Structure formats: structure tokens, C-alpha cells
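Each of the next two complexes has chain A plus one more chain, namely chain B in the first and chain C in the second.
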Partner chain A sequence: MTQLLRRVLLSDYFVLGLSLLYVAAVAPFTPGFVSAENFTNILSALLPLLVVALGQTIVLITGGIDLSVTAVIGLSSIVGAMAMNHETGWLAQSPIAAPAGVMIMLLVGASVGALNGIAVAIARMPAFMVTLASMMGFSGLAVWLTHAKTINALPSGFTMLGGHTMITLAIVLVVGICVHVFLRRSLWGRWLYAVGHNSRASHISGVPVGGITFFAYVASGLLAAMASVLYTGQTETGSPVLGQNILLDVIGATVIGGTSLFGGKGKVVWTLFGVLFLKLVDNSLNLLNLSIFAITIAKGAVILLAAYLDSLRNRFVAA
Partner chain B sequence: MNAALQFEGIDKSFGNVPVLRDVSFTVGAGRTLGLVGENGAGKSTLMNILGGNLRSDAGKMVLEDRPYEPAHPKDASRAGVAFIHQELNLFTNLSIAENLFVTGLPRTAGFLINRHSLHQRAAKLLEQVGLDLRPETKVENLSLGERQLVEIARALSFDARLIIFDEPTTSLSVRETEVLFSLMARLHDRGISMIYISHILEHVRRRCDDIVILRDGQVVGEGEAIEFSTARLVSLMVGREMNQLYPTRKKAAASTPALEVERVNEPGIVRDISFTLHHGEVLGIAGLMGAGRSELARILFGLDRYSSGEIRANGKPLIRSGPRQRIKHGMAFLTEDRRHEGLCLDASIADNLMLVALRDYTRSPLRLVQSGRCRQSIDRLREEVLLSPRAHDKQPAKTLSGGNQQKVVLAKWLLARPSVLILDEPTRGVDVGAKFELYRIILELADAGTAVLVISSEIEELTGICDRILVMSQGKVHAELNRDKFDRERLLAAALPREART
Partner chain C sequence: MKYKFIGILIALTMFATGCGKSGKSKDGLTIGVAFETLQTEYWVAGFDAIRTDLEKRGYTMLQAISNGDPNRQLDQVKNFITRKVDGIILVPKDAKSCLPIIKAANEANIPIVLFNRPADKSDAHSVAVVADNFTLTRETVSYLIDQAKKTGNKLQAAILIGDLGDINAVKRRDGFDAAIQGHEDLIDVVARIPTEWNQEKAQAGVVNALQANPDIGFIFTSSDFLLPSIVSALKSAGKYHKIGEPGHVLLGGFDGDATAWKMLKDGYLDATGVQDVYFEAAQSVQAILDLRAGKTVPDLILDPGFVIHQGNLDEKSKQMWGAQMAAKK
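What follows is the complex of A and B.
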């Protein structure tokens, strides 16, 4: 019995199973939940969130945290839109507006990540404080840049990336597989886990701990900017406050999936299932016409439940 | 002989694996009983049953003529049974006094803590254990030896009549160990019964009235301490005749220098250290805790800075700091702190084994790890260091015994094929059988030409495996002895600080 419980709890597919159970339990009471159209909705809400959450997974594996991802989403969105909109953009009407705009957005994300990385890896400041400060600073900067206005008239070659679910799916699939291969098979990926498990032992064993930590924040900033490309395309609007409400979704989903806040543990599929579960809860409560407050309360409860399951799992690993 | 505690027919299994089988013995009232056995012999399980952390499957315990069935650690302390653990259980952010009475702080008006009475009662207890410190001192400012005395004072605070010491001297200096032993002698005179668990058999023979030997969960020998020689204890523990405690060297050291240290200085840490370590040589560094031995090792490996002097590995000067450059020059460093600096405890055995050399197991341009080659090397390493075959590669390293953990740390360095190997307390917390295997590996490496620097607090160990021993005291090298001149007394005398010498 305990053997079985143990296998279920420690399985990679535990949260996927939980998601399926949730669908089965909620479907009878929720009109329109099980339909092709609704599943497409869930998918398009899930894909960009997954990209941000993958970046968060990388940082959490090293034992850090990145609270600045929402600021990165807003800032890259607005900077990208300023660069490539048809009316006032520097790249307006240029044939390379869309690819150049994407590059600029990614550069913004990587730069914010690099600043976080320098502060955490070289100045050895606590990740929580560093990324909290950069969240405040850069989301402030994003709003200030356009005096809180949004920017429309984005090139269609750009909005297609996030606006067309199949294209988005293809992009996210490629990103997901790359991150997966990186974490499981590459030298730097394996070093990320080692740093998260024990940075002192890793340093003595010759692992470039500072470089790895720096890299994790750059990767997180880059992936958040990539999510910003998708979100901005989805809404066809550059907005400085884009993504400002998703921070808890990002960290919640990653942790529900099984990635540890203490470092050393995390997988792409775990995060995928965590994001799926959270979005299923979100979507079904929406369909029930619950208020946003009730949904928030329910999500809080779900994240708490996930934290409890995580501590249960840890106990089973220890046993 | 009156009994303080009797174990009668204790059985315990985990799943289908019997861990204790029909264990019966008696701790005499007011006597000190030494409990010895290899890791996995069942000592910890038996103590967990005694402490109320585990229930036995069969058998019973009798504490001072009354049946004793602790269901919880609280029952044990209420019955007057106290444990002094290897990993100390103190709140380092609190004061000594607060630690002593953490479960029953003296109060006024029902809820305010009465500092005055707290400190008075604490001072009385500190006096009993001979600790000359103010009760309001924070525990984080105490040495490990002092913390242990605080734990003993805590045991006395609830009138413990049976105190269990589990590997108490593992992290203590020679002098702290002596302080502990004289306190144990005083407790003995007061009629307190004790169980003393240790791998250091000389200490057990010296400190205990009686000895019980456990092997594979069974009592394989018991009697008064004077009946046992160290050699007999060892052969009872491992279950075979140990003809020798140390393996023999097959080859002599070469004369080519592997590590040259010239006038290395760091104010307050080390002074004017110069020596040459040759290929194929095992060089020991003896000294008391705080003599600067571990600090020197850290400087040699580039972890700490030094203000002047030169270090050369295989003839090349080491200029930049940091372990990565040292590893490139063929150096390896097994630190004294296995749990915090040696292993990633939660990571798998396989990941730990590959940590140092992983860079060499990748294919460019994406630097993907070649898992097939890794698996081959892991299998080879496991055979080389005789890692317990029961352990699975994917198992977390923390599930291994101390000896097997140390084999993993050593093996991860071996994979990088070092030419200079620095070992800081390589056999700390390791049982007799695994110790012999570690010595064998170290000497085989030396036979193959590796230069080995061993730091150890166990003088027997150094005289057993080294070709030459340096003795450090107060940051300086005070003596150098070749193998034919090894002498315990001379080594100890050179290790004492200047002002303590007569």
C-alpha cells in the first residue's frame, strides 16, 4: 500500500494524473468545459505561461528565484512595440520590423536577466531581494516609457507568432524540447542541478558556480521576453502592464509541478503539467462564472495543496 | 551487579531485512558501557528504540527494574534517558541558558521569562560540566567541544540517570576530548550510567567498564573492557581475522617533486610553510585542531588566499586562485566536511561520482553529456573503491553510510586522474572495515605514482600509512619525521603549542 502510494507520489506523471482527475471531477458540473473550442482556449492560455515558467524552473533549480519576470514581460512588450509599430516606430514599415522587433525584445529580457545575474552571482546578493527590486524598477520603467499608454498597430508578421495557436504551439514545442535537452543532457544543465544541490561542494569540484548562476538569470529573462513576444502577439498590443498579474501563476505552476524552492530539483515535464493543472483550474472556475476573487482564493488553495504534496513527497524520498 | 538498563531479546526488522536479532545485554548501574560495531551493525537502530524513535518488533527493555516502553522521545527524557548526539541539537541563535531550559523556561507571573533565575540555574549546571562561560553567551560563538558540554548540561538539567554518547569525539580536538573524558569520569563517580558509542576503539577501551560488540544485528561479544584488546575488538566487529590494520606499500616514493610549497604565509593562519611532496609519496600532516592544517590545505587548493610564497604543481607555479585551475594542474582535494563540501547529499550517487570530471565526458559543439561513457566509468569506479553493491546508482548519496559516502567523494576525484591528492581527515566517521579499504585505495594510488598529502587527527592512522610526517602547531611546521623515526610521543610533543610545553 505505502509502496503504491510512494510510486504514485514520486512519479513524473503525478500532476498529469491529478489534472485528468480534476477534469473528470469537474466536467459534469461545468457546461462547455469539455469541448474542442475550450481546449483550444486552455492551450493558448497555457503556452506563453509555460515559456515563462520554464525560465523560472531553471532559476529555481539553482536554488534562486526570479520575481522580475513580469516586469520583463511588460518592458519587452512596450519596447518591442515602440520599435516596430506602423505609426511611430523606428522600424515602421520596414520589412525586417518583425524579426528585428523580436530580437530587441529578447535583448531587453536578456539584459534584465544579466543585471539580476551579476547582482546574485558576483555581488552575492540574495536573489529574492535583487529580483524584487528589479521587478519594481523595470515595471516602473515600462510604465514611464509610454506614460502608461498601450501601443497598437503592430506588424502582422509579429502578431502571428502569438496570435495563431498552431504557430505558438510549434514555437513553444521547440523551446520546450531545447530546454529539456539542455537540462537533462548538457554539461551546463547538469551543473545547474549540482549548484542547486550544494554550491560549496560544486565550487570545490571545479564547477563554475558564478557563471552557472549568472546564466540561469539570463536564461530566465530571455524566456520571459520570449513569452512577452507571444503575449503581445496574442493581444496585438504592446502594454507596459502586460503580465503583471501572472507572477504567482508562474511560481505556483512551477512548484505544483514538483520543482523545489530549495534547489536541485526540476524538470520540463513537471513544469508543463504544473502549468496545465493551474490553467485547468483557472479555466473551469471561469466557466462557472465565479468572480475573479473567488478564482484567486481557489488558486491559492490549490497552490497550498501542491506545497503539502511536495512535503509529502520529500518525506517519501527520505524514507 | 544492579542493572540500570536491560535489553531482553530485542528484534527489529525493516521490511524483510532483520536489523536486530535477539539482542540482550545489561548496562550495570553506575557503569559505562561501550557499544561498538561497524556501520550497519544495528547500533543506531537499537539507540533509536531506546530513545523512543522506533518500536521494537519483539523483546522488552527494563529501566531500573521497571518496564520501559517509550513511544516518543519525550517519554525517554521523562524516564531520565538522555542522548548526546554526533550532530548536536542546539539552537545556535539562542543563549546557553535558553538552550538548557528551552522546554521549561522559568517564568514569573505565568508568562514572562525570569532571566535572573534562568541564568542562576544555568550557571550552576555549567559549573557541573566545567564550562567557564556566561549563561547568556550565544551558542553560535561556542566551539564544537563547548557545545557538547552544553548538551551534557542539558541532560543533567532534567536529572538524566542514563546518558548515551553517540560518537561524541568525532569533531573534537585532542584537548576537548580530554575535557569530555574527565567530565565523563566525574559523572561516573556520581553514579550516572552511560552508554558510549564510538569507532575509536582506544577511547572505548580507556573510557568504559564494559563493552558489547554488535555485528549484523547480533551481540557477538560482551564482557569487561579489560578483557578486550583492540585487535580482538576489530576481529569481532568485522567477523574475520584482521591480521593488519594497515595495508603495506609495494613501491617506494620517487624523487621527482609533485607539489612544491615555498615560504607560504598568511598572517594569523600559516607562517613560512615550505615542503616538497614527491610523486608516489604519502606525506602526513599531524597537529592539533586549530594548528592551521586544514587552512593550509585550503590555501594549497586555491580556496583561500595567501599573502606571500609560491606553490608549484608538477613544476608549474600556481598563480591564479580557485579550484578550477588546481584541478587542471592535476590536483584533487577531499575536504574534512563531507556533508557540506564533499557531497551533494540529495543528488544521486551517479551525479556525485561524475561531478568533477563531467567536463571530459561531453561532446562538442553542444557539450552534450555522453551517458554511455559515464555509465562505464561509474561501473569501473564503483569496483575500484568497492562501493556497497546494494546501493543503486540513482539513489541519493545521503542514504549511504559514512564509509560509502567517503568512497564516493574519493572516487569522484579519482575519475579526474589527479597527480596530487590532498586528503583532509579522510576516515572521519568511517567504520573499521571501510577504513582499511580507504587506506588500501590511498596506498595503491601512491604505488601508481600519485602524490598524497594526508591531514589527520589520528596519529595511529598517520604512522600507519605515511612515508613522512610533518607536525604543525600554531600555523608553523615544527617537526618533520621519516618513517623509521615515527614515534607517538615525539609527534604529540611537537604538536603542542609552545607555551603549553615544559
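What follows is the complex of A and C.
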């Protein structure tokens, strides 16, 4: 029995199986849940979250955590919108407004990630405190930039990136494959796992621990900014508070997928399944017409369950 | 033991997901109600008023609260569309990010009404039911100015401004300015406190304003939910006195919530502009029915509201939603 449980828990497809089980259990009670239209809804909600969760996966593999991703999403969104707005933007009416706006947003994300990376890798400050402070600081900066105002009138070439599900899917597929290949096939990818398993041993073995840690935070910032491109495109509006409430979803989905909070473990496909599971729960609870309080309680229970499964997995691996 | 624990968690999750109400009502319509937040009494009262109105008509209400997340609200409205609702009542996060939501409803040919918070002008079509924020604020502040005249002194004034991304906050600020215009000999506005609809920022702002201008004798807040922040700051400064007592700071607000009602009753608040939440709820539902029937509905339906003050407290309290909520508590 223990052997079976061990195999199930350690399987790559455990969360996918759980998702299918969940669909089967909930579908009979949930009107409209199993329909092409609803699965398209789930897909469009899942894709931006997956991108930001992939960045979190990279950081968690190194044994760190990045709480600043929500601030990156808000700051990138508002800076990008300030640049691209048709009327008052720095790139107003320019034919390159959309690509240049995306580049600016990615640059903002990478810069915040680089600051986090320097503080964690070089100044050796705790990741939790660094990224918490960074979240507060950059959220405040985002709000200050426009005095909490939102900005719309963005180029259609930009808004279609997040507003068109098939285009978003194509972008996320490319991002996901790149991260997967990087993690599984590159030397730096293997070093990330090594640092997460044991940074001291990695250092002695010649792994550039500082550089790898720095890189992980830059990647996380970059991917959060990419998610911001998609989220901003969905609402066609740059907002300094965009993504403010999704931190628990990001970390929850990543951990539900199986990426360990203790470092050294994580895969793109795990995170995909984690995000899928969380969005299935979210979507079904909405369709069931539950109150916000019941939804919050149920989601909290699911994330708690995931955290418990994570510790169980670690015990099985250690045994 | 640990397996039992997992079992209990799964059971709890399944129970929570399986126990919701589902399905359309047999005969009536199904209306999706998506609110951006339920964090202030006004939104709770609005949500309850819509629910009560729909129940009275025998309709089913689907609900969704996005907790300030416009992307989540878009997902929720798409879920409504999947459920093939007959109409949508929406409180958006702001005037701009709701445009894709309205477009999605338009594409699905589902009438959509914005409750208390209108959208920016665009090619997306919606009907908005909102309080006449400008006029109601101007009338409330005019009442306060009349009270100020009775003191015979020139008063220093402060206004707490809401999130300027919210058109309601802008209109209330403009209503305040319009009322003050022409009375500069009596009222000197020394502090404009940006709150972004945040109680902590409001309190810090009032504390700072009172430190910089200890003689402030007139405060207007763009929403009653900020009144506790003002009271706290006034108490710290030793300036919280009843109407008629020496040192009373003239206080006015907007919304008409339960706190405002209690402060009016206790003699601390001079006046507040009351949004008629029951009128707005009924008009929102009616607008959906009219749109479904192919009738012409104006893009903007105004709730005139009313000013409640010490002179008409008994007469108007029956119409004040905050007084009704206070009575239920």
C-alpha cells in the first residue's frame, strides 16, 4: 500500500490525474463545466498565470522564493501603457509602439529581477525579505507613477497578444518549451537543480551559485513581465494594481504541481498541471455559484492539501 | 493517520464544491451579478438589494466577486456567458478595464448594466445606473456651507478625495469644488487628501492635515466608509465634538452608510449625501428587462439621491439604506 502511494505521489502525472478526477467528480453538479466554450475560458485564464508560475518554478528550484512577481506585473503594465497609449504615450501613434512597449515591459521585469538577484545572490539577504520589500516598493512605485490611474487606448497589435486566446496560446507554448528545454537540456538548467539541492556542495563542485541564483530572479522578473503583457492585453488597460491578488495562486499552483518549496525539484509540466488544477477549481466554484467566502475557503483547503502532499513527497524521497 | 487527514481534506473540498446552488430557475430569468468588491457596506447593501429584487421577481441570481482583479472579473463574466445568463449586472474595477467585459457581453448578445460605476465612452454598449454624484455632493456641501455661515467665522476646510480612476470620485470632488465656488470668503480649502479609497491613507492624510492646519473646522469625505478614519484623527487631535459644542468640526459625507447614520443620530455628523441603493438596484434589473424587451434605455440612468441632515433626520431615515442596515444589526 505504501509502495503504491509512493508511486502515485511521485508520478509526474499525479496532479493531472487529480485534475481529471476532479472534473469527473464535479461535472455532474456544475452546469456548463464540460463544454468547449468553458474549456476555452479556462485556457484563457490559465495561460498568463502559467507564465508567471514558470518564473516562480525557476526560483523555487533554487530553493528561493519570489514574492515580487505581483509588483512586477503591475509596474510593467503601467509603464508599458504609459509608453504605448495612443494619445499621451511616449510611443503614441508610432508603428513600433507595440513591439517597443513589450520590450520596455520585459526590461522593467528583468530590472526588478536583477535587483532581487543582486540582493539575494551577492548581498546574501534572505529571498523572502528581499522580494517582500521589493513587492512593497515596486507596487508603491507603480501606483505613484499614475496616482493610481489606469491607462487604456493601447495599440491593437499589443492587446491581441493577451486578448486573443490562440495567439496567447502560441506565445505561452513557445515560452513553456524554452523554459522546459533550458531546465532539462542545458548545463545552467542542471546547475539550478544542483543549487536547490545543496548550494554548498554545488559551490565546492564549481557551480557558480551566485550567478545561477541571480539568473533565477532575472528569469522570474522577465516571465512576470511577460505575464503582464498577456494580462494587460486581456483587459486592454494598463493598471498599477494589475495582478495584485494573484500571489497565492502563483505559489499555490506551482506547489500543487509538485515543485518543492524546499528547492531542487520542479518541472514545466508539473507547473502546467498545477495551474490547470487550480484554474479548474476556480472555474468550477464560480460556475457552482458559490459565494466568495466559500470559494476562498475551498481554494485555501486545496492549497493546504498541496503543501501537505509536497511534504509527503519529500519524506518519500528521503526514505 | 496522515491518510485520514488527506481524506478529510479531499472530502471537505468536494463538499465545498458540490454544495452550491446550480441550474436556472424553472420559469424566470437568470441574471449574473459580478461585483468588483464587497469590502464596504455600500457594496454589500447594493449586492443584497439586487438579490432581494431578483428574488421578488422570481429570478435566479448567479454571483461572482473578483476582489479587485479585472482579469478575474473577465473570466467570471465569461463563465456567466457560458451559463447563458439572460442579463449581467456589473460593478467594474474601473471605467477602462471593464470595456473588454462589456464587449464580451455584447458579442454574446446579453444585456449588461453597470451598477453605480459607469464605463468610459467606447464602442462597447452598456447602461449605467449611477448616483448623481456631482449634484448630490454639491447639495451636501452647500448644506455644510449654510451651517458654516451660522458660525460667523471663516473656516479652514479639507476634502478627502477618492480614487481618481473612479469617475464617481471625480464627480464628487467636482461637486465639492462647485459648492465652494463663490464662498471663498467663508471657506478656505487648505487640504485635499488623496485616499485612493483606502482607510489607512485617509487616516494618515487627515492626521497630517490637522497637524499642518490645526484650525481646520470643515471636513468633507467623498465616501462615508472613510468616516472612521476621520473620527480617529479628530479624536487624536482633541477635535471630535458634537454639533453645538465648542470646537465642533463641520462634517459631511457621501453614501449614507450605517456609520454615517449612527453619527447623524449621535449628533456628530452634520450631513451626508445618500445614494438610494434600492432605487439603483431596481433600475438595474428593470434596465435589463427593458433591453431584453427591445425597449430604448438611456445609457445613463441617474439616481437623484437625497441629502440627510440634522433637520430632516426622522423624515428621511426610512429611505436611508445605512439606517436600514443599522436596524438589522
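Heads up, the rule we're going with is that the second predicted complex is superposed on the first by the 318 of 319 C-alpha atoms of A that agree within 3 Å, B and C clash if a C-alpha of one lies under 4 Å from a C-alpha of the other, contacts with A are read in each partner's own complex, and residues count from 1 in each chain.
In this section, contacts are C-beta pairs under 8 Å (C-beta built on N, C-alpha and C of every residue); 3 or more make two chains touch, one makes a residue touch a chain.
On a predicted model such as this, the values are computed, not experimentally measured, just so you know.
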Three-chain arrangement built on chain A, chain B and chain C clash or fit: fit
Chain B versus chain C as contact partner of A:G264, first or second or both or neither: first
First, second, both or neither for A:N198, with chain B first and chain C second: first
Contact breadth on chain A, by residue count: chain C or chain B: C
Geometry of the superposed three-chain model: angle at chain A (Cα centres of chain B and chain C, steps of 10 degrees): 130
Partner chain in contact with A:L10 - chain B first, chain C second, else both or neither: neither
Touching partner for A:M160 - first (chain B), second (chain C), both, neither: neither
Which superposed partner A:W188 touches (first chain B, second chain C, both, neither): first
Which superposed partner A:I177 touches (first chain B, second chain C, both, neither): neither
Touched partner set for A:P208, first chain B, second chain C, both or neither: first
Nearest Cα pair across chain B and chain C, whole Å: 17
Chain A positions touched by chain B in one structure and by chain C in the second: none
Parts of chain A lying in touch with chain C, wherever the complex brings them together: 5, 25-26, 29-32, 35, 37-38, 41, 44-45, 48, 143, 147-152, 163, 231, 234-237, 239, 241-246, 281-292, 294, 297-298, 301-302, 304-305, 308-309, 312
In the complex, chain B residues that touch chain A: 301, 303, 323-324, 327, 333, 335, 340-347, 351, 354-356, 358-359, 362, 366-369, 371, 396, 412
List of chain A residues in touch with chain B within their complex: 181, 185-188, 190-191, 193-194, 197-198, 200-208, 264-265, 317
Residue numbers on chain C that touch chain A, as the complex places them: 2-3, 5-6, 9-10, 12-14, 16-18, 20-24, 38, 62-65, 67-72, 74-76, 78-79, 81-84, 93-97, 99-100, 120, 163-165, 194, 196
